[in-house]
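Common to both upcoming complexes is chain A, partnered first by chain B, then by chain C.
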Partner chain A sequence: MKDLWTKTLERIGRSPTRIEATSSVMAIVCGLLFGLALMLIVNPLEAFPGFFTVITGPFQEGLRSLGNMFYFGVPIILTGLSVAFAFRTGLFNIGATGQLTMGALTAVYIGVNWGFLGPFHWVVAVLGAMLAGALWGAIPGLLKAFRNVHEVVTSIMLNYVAMYFNTMIIMNFLYDFQASRTAHPLPSARLPVLFLQNIFPGSRINIGIFIAVFFVAITHILLKKTTFGYELKATGFSRDASRYAGMNEKRNIVLAMVIAGAISGVAGAMMYLIPGRHLPYETILITEGFTGIAIALLGLSAPIGVMLAGLFYGALHQGGTYLQLYDFRPEIIDIIIAVIIYFSALSLFLQKIVKTFIDKRTKASMGLSEEVETR
Partner chain B sequence: MEIVVNMQGITKEFPGVIANDKVDFDLRQGEIHALLGENGAGKSTLMSVLFGLFHPDEGSISIRGEEVRINSPRDATKLGIGMVHQHFKLVHNFTVAQNIILGEEDTKNGLLTMEKSIDKIRKLSELYKLKVDPYAKIEDISVGQQQRVEILKMLYREADILILDEPTAVLTPQEIDELIKILKSLAQEGKSIILITHKLKEIKMAADRCTVLRLGKKIGTVNVKKTTNEELAEMMVGREISFTIDKKKAEAGEVVLKVERLCVHSDRSKRDVVKEMGFEVRKGEILCIAGIEGNGQTELVEALTGLRPISGGSVVLNGKDITHASIRERSLAGMAHVPEDRQRHGLVLDYPLEYNLILQQYFAPPFQKKGFLQFAPIRSYAEKLIDAFDIRTGKGAIALARNMSGGNQQKAIIAREMSRHTDLLIAVQPTRGLDVGAIEYIHDLLVSQRDEGKAVLLISLDLYEVMSLSDRIVVIYEGENVGEFDPASVTERELGLYMSGSKRREAS
Partner chain C sequence: MNEFASFMYYILPIILMNMAPLALVALGGLYTEKSGVINIALEGIMVMGAFTSVYAATLFTGWFAGMSIQIVVLIGLLIGALLGTIFSLTHAFASIHMKSNQIISATALNLFAVAFAVFTARTIYGHRRLPFTETTMIREVPFLSSVPIIGPVFFTNAYLSTYIIVLIFAASMVILYKTKLGLRLRSCGEHPQAAESLGVNVYKIRYIGVLASGALAGMGGAAYAFTFQRQFGGEVFGFGFLALAVMISGQWRPMRILLVALFFSFMRLLATQSDSFPGLNQLNLPSQLYRMLPYVATLVVLAFTSKKSQAPRAAGEPYDSGKR
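Right after this comes the complex of A and B.
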């Protein structure tokens, strides 16, 4: 047992990626412990059972809750992917929220008005969302590439532009005055549930999970295997060196933002082409875009990592839905996630702790085993 | 003579390297003591220990017979130790006097009283013949004068143990002579001087004794007068070094690169920093652009390689006008470029070595197929280059460029650029900051490229390199071609006059 422990530590210590992953896990643990402490303060009696429910959320009601984990994870995986992809190109896409809003608005607009499309209705709605997100992402990309305006500033501003634009369009074209809320997409625009309803009965899962996995796979291959990914990453690591190498770094920056925007746009479609969910017409920012930043960070900006982190978010979220049974407010989940984000922002610090811990342990145990042998 | 500094058994370990291994060092009153060694030999570490920047793991330091602990540069200053760093630490928009008194200001009721200080500066500069105008701004005076300001700064703080880190790297031959004169007069006045360098000629000219370090260990201390250059070099490198580069006479062929009336703007203003520059590089020759740092060389190269737009004139490569071609077009037209800043331009530091070796070829077969990287050919190409150019890394092809030593980073760039079968190789200061062994290797490679019939354009600040490698020399001064020379019929001193702008002649 002891051997296994040190061997695992040694294996982690050998690879920087593994150390980073370990620090992400540590951030999660710290965040959960903080959440537990918070629950103990609010309601000590119910804290432990409540906490247990949160971390076992996806298994509370068998396959139904597991399906819901996927459902909650989908938009977050996509926005996380959007942020992570831009980040690999050296861009900080804080505009995922705006791109998502534009995508959602386009999807809902098509969903409400273009019923003539029949069976292709939902596909066109998703593609429209993708296009809208891509255009919204292109703006900061173009400004960055050609005018050297920092993308953080422009993409934040565009979040608000998208938010007000969204309200304006809804109030003028998409408002359902009888229900006093945004009109609902036609049934033909809803995301298909496919056979998933049979596997996860009663859950809200739909085709979105496949779309999310598809984008994870595409970005993973793009970044790892293609010359385009080689260029994007080179531009991200060093704009000067990629220019020296003759790459068109301006084009790369624009394309990276277009792709990032497109993925966020799809996230918007995934959130609102669903029965019972209404695109908010109030002037509020949709938070999933910001959560994506955290998920990208937690997932180490790697597509697969983002998928795992997004599913973890989905699991927590699902767990959070049960919290009211224990007299807690479900917002505790948001606090836990916020704390996890804080800790993953401290990831460099955590990595250092992991490293020294591993060094010490492996050294100590090596010394110990030598002693044993000499005896 | 009294011993003013005595360092005994200094050991300083950094993770993975022992920078100083039980090094002894002593400095006598009134001597110039050279500290010689290759890069990474531990010279700077030893002096940083003396100046209080690092704390030694073992060993003791005595100053004037008293054992001391030096915890910070402040402590060192109190003990009368001053240091001139390789990169000057001056505030550019302050005057000379303001820079000198910085941190030691005389005040009255909280207000500066400059008169007294300027008086003291005047006296010091007269005494040691360090001529500078105390009211001049740093950005308006030459590098040589800036160095004098640094020396005055030490003297103003009443330092009598002076450490100079590679002081001649930025100077012309004339300025070097001047500096050595100043150092000698300082020594005569009783100051004790430590000179960190790897230039043997200057040690012969200036120093009394010389301590040689190699790989963190002290090899010995010798009397300079009784030691030859060859002996010093052997102590430094640990093997015999040939000072002459073996090369046949150039057989210059057809023109590869033709530059005519080239003008280039600086970054901020619309001012030309390269003015009507013209020259040709032919097959099978090494043309060297010699000049003092900051005379337009950087801009010239950036304009030639496409990193910077050209504002006038033309550049023709292999008969094709590339004046406004993109970087990729130039690279494909037969231009290779070993850049000046190897970490900023030359490498993607967070990419593994194998990715860096295909930086301009990743899009071409066999490295690419249908948009996908072909990992097997990439790996085998990397291994071929690692072998052929003796690039040493801990992990071979997958080592991150960031984790490689400076010499091996440079070897990787050179390997990449030389293996691309181009007609023109532009190399900018290819040996800067490298040790003698690596310099020798890179020089040989440049000559072999020439012998293979490539045109080589070398931009160098090191006159020794210029004289020994080139087949023709063009001197650049303030962005202009001020003369073209045959290295066989010109002296370093003569070149120095052109480089400093005191002489010029029209290009032949």
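Right after this comes the complex of A and C.
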């Protein structure tokens, strides 16, 4: 038993990626513990049962809740992918929210008005969302590349511009006065459910999960296997060095933001081309874009890591839907996410802890074995 | 002419009331960036400051029914500053001691603040809005309001926070440019290794910078909530980010920051009062178009001012005393 323990530690210690992954897990644990502490303060009696329900969310109602985990995970995987992709090029895409809003607005607009498209309706709506997100992402990219404006400030400003633009378009063109809310996309624009309804009966899962996996695969190949992906990463490591190496670093920055924006735009389509969900038009930023930052960090900015982290978020969110039963407010999930981001910002420190811990343990046992060998 | 004068007397106090919190939070941003730490958590710190100060004000007006509202506001501003300081400690710890990515840690604070404010309000009151609805405006300052020109502009329909903010801004200019502490602060943002070689404790100075920004942003949040929002709902709608943009477009210089803040306040005035502007109200444009204005203006201003940025050279870099 002890042998297995040291062996696992050794195995983790040998690879930097595994140390990073361990620090991600530690960040998650810290966030969850913070949530538990908060629940204990608010309502000590219900805290433990409530907490247990949150972390076992996807298994509460069998396949139905498992399907919902995928459903909640989809937009988060996509926004996380968007942030992670920009990260790889050294850009901090805090504007995923704005890109998502523009994508959602475009998708809903096409979904409401372009019924003549028939069976292609939802496909065109998703593509439209992608295009809108890409255009919205291009603005901070262009400003960064050609005017040296920090992308964080510009994309934050664009989040608010998108929010008011969204309100303006809805109020003037997409408002359903009878129901006093945003008009609903036509049935032909809804995301197909396919055979998934039979596997996960009663859940809200749809084709979105396949689209998310598709984008994970595409970005993984792009970053790992293509020259373009290599150039993007090189630009991320050092803008000047990549320029000296003959790369067009300005083009790379713009393209990275365009792709990141496109993925966020698709996330917007995934969220609102669904029966029963209405695009909000109040002055509230859609939070999924910010959650994407957490997911990108937890996933170590690698597409596959983002997918796993996004599914974790889906599980957490599904668990959060049961919180009302225990008289807790669901915002506690947002608090937990924020604390997880904070601890993943401390990842350097967490990695150091992991490393020294592993070094101590493995060296202690290795030191002994070396002695035996020298004798 | 008389009509014009009364129109100016109407809008100038509104511009002033927009400008004061914006300049204060931008000043907070200046402190932290001058010391070498980027703090985009100003938004979240404002939310924390606003939430706690309004909550405290709600309690105080309940406990002491006869208390003057201006004293409640004063206590609220101080509590906002205190909470902002405490909250920014987490960012200071992460970015100074832990050498973490300053933008990520600040983003965590931004998300935490809104979630925490909404969660707490809903746990206590069942909804996200705090039930504080008192008017905090001072109709007329005695004596001073009757001075011609200055009186109607500065001393009618004013807010206590505006005067406090003017004092803090003046004091800060002295601290930053005329004292030893100010010099040390600025040197830590330009070349911390050089500062350390001369015996300056870089960690301590950076903590001072970040905590000062926390105090100012927290107070700014309180001032914002008391000035603009009848029932605080856990949001300051990008005001903190706007302040950050004001600081950047002001090229990290207090006087320019004031000028830019004036410009942005005018934009915000257009955004909120577009229907009472002669000329504008006949255009019949959707109000959201005006609401976008401050943010679009920021983009345009930044696009033209960022090419040769005068940011403190070491801002955003974790301090590494061994670096050459």
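In this text, the second predicted complex is superposed on the first by the 366 of 375 C-alpha atoms of A that agree within 3 Å, B and C clash if a C-alpha of one lies under 4 Å from a C-alpha of the other, contacts with A are read in each partner's own complex, and residues count from 1 in each chain.
In the analysis below, a contact is a pair of C-beta atoms (placed from the backbone, for glycine too) under 8 Å apart; a residue touches a chain by one contact, two chains touch by 3 or more.
Just so you know, these numbers come straight off a predicted model, no measurement behind them.
When the two structures are superposed on chain A, do chain B and chain C clash or fit side by side?
Superposition check on chain A shows chain B and chain C fit without a clash.
Does chain B (first) or chain C (second) touch A:L143, or do both, or does neither?
Only chain C; A:L143 stays clear of chain B.
Between chain B (first) and chain C (second), which does A:A262 come into contact with in this model arrangement: first, second, both, or neither?
Touch partners of A:A262: none, neither chain B nor chain C.
Tell me which partner A:A134 touches in the superposition: chain B (first), chain C (second), both or neither.
In the superposed model, A:A134 contacts neither chain B nor chain C.
Residues of chain A touched: more by chain B or chain C?
After superposing on chain A, more of chain A is contacted by C.
Please compute the chain B to chain A to chain C angle from C-alpha centroids in the superposed arrangement, rounded to the nearest 10 degrees.
Once the two structures are overlaid, it is 70 degrees.
Figure out whether A:F237 sits in contact with chain B (first) or chain C (second), or with both, or with neither.
A:F237 contacts chain B only, not chain C.
A:A302 in the overlay: touching chain B, chain C, both, or neither? Say first, second, both or neither.
A:A302: touches no partner chain.
Considering only the touch criterion stated at the top, classify A:T227 as touching first (chain B), second (chain C), both, or neither.
Touch status of A:T227: first partner only.
Of the partners chain B and chain C, which touch A:G246 in the superposed model: first, second, both, neither?
First partner only.
Which value in Å is the smallest Cα separation between chain B and chain C when the structures are fitted on chain A?
Between chain B and chain C, the shortest C-alpha distance works out to 6 Å.
Can you pull the chain A residues that chain B and chain C both touch?
none
For the complex, give me every residue of chain A touching chain C.
42, 92, 94, 139, 143, 147-150, 152-154, 156-161, 164-165, 167-168, 171-172, 283-284, 287, 290, 293-294, 297, 329, 331-332, 334-335, 337-339, 341-342, 344-349
Which positions of chain C touch chain A when the two form their complex?
It comes out as residues 40, 90, 94, 98-101, 103-105, 107-112, 114-116, 118-119, 122-123, 235, 237-238, 241, 244-245, 248, 286, 288-289, 291-292, 295-296, 298-299, 302-304, 306-307, 309.
Contact residues on chain A for chain B in the complex?
It comes out as residues 225-231, 233-234, 237-238, 240-248.
Quick one: in the complex, what on chain B touches chain A?
Per the touch definition, chain B meets chain A at residues 305-307, 326-331, 337, 339, 344-351, 355, 359-360, 362-363, 368, 371-373.
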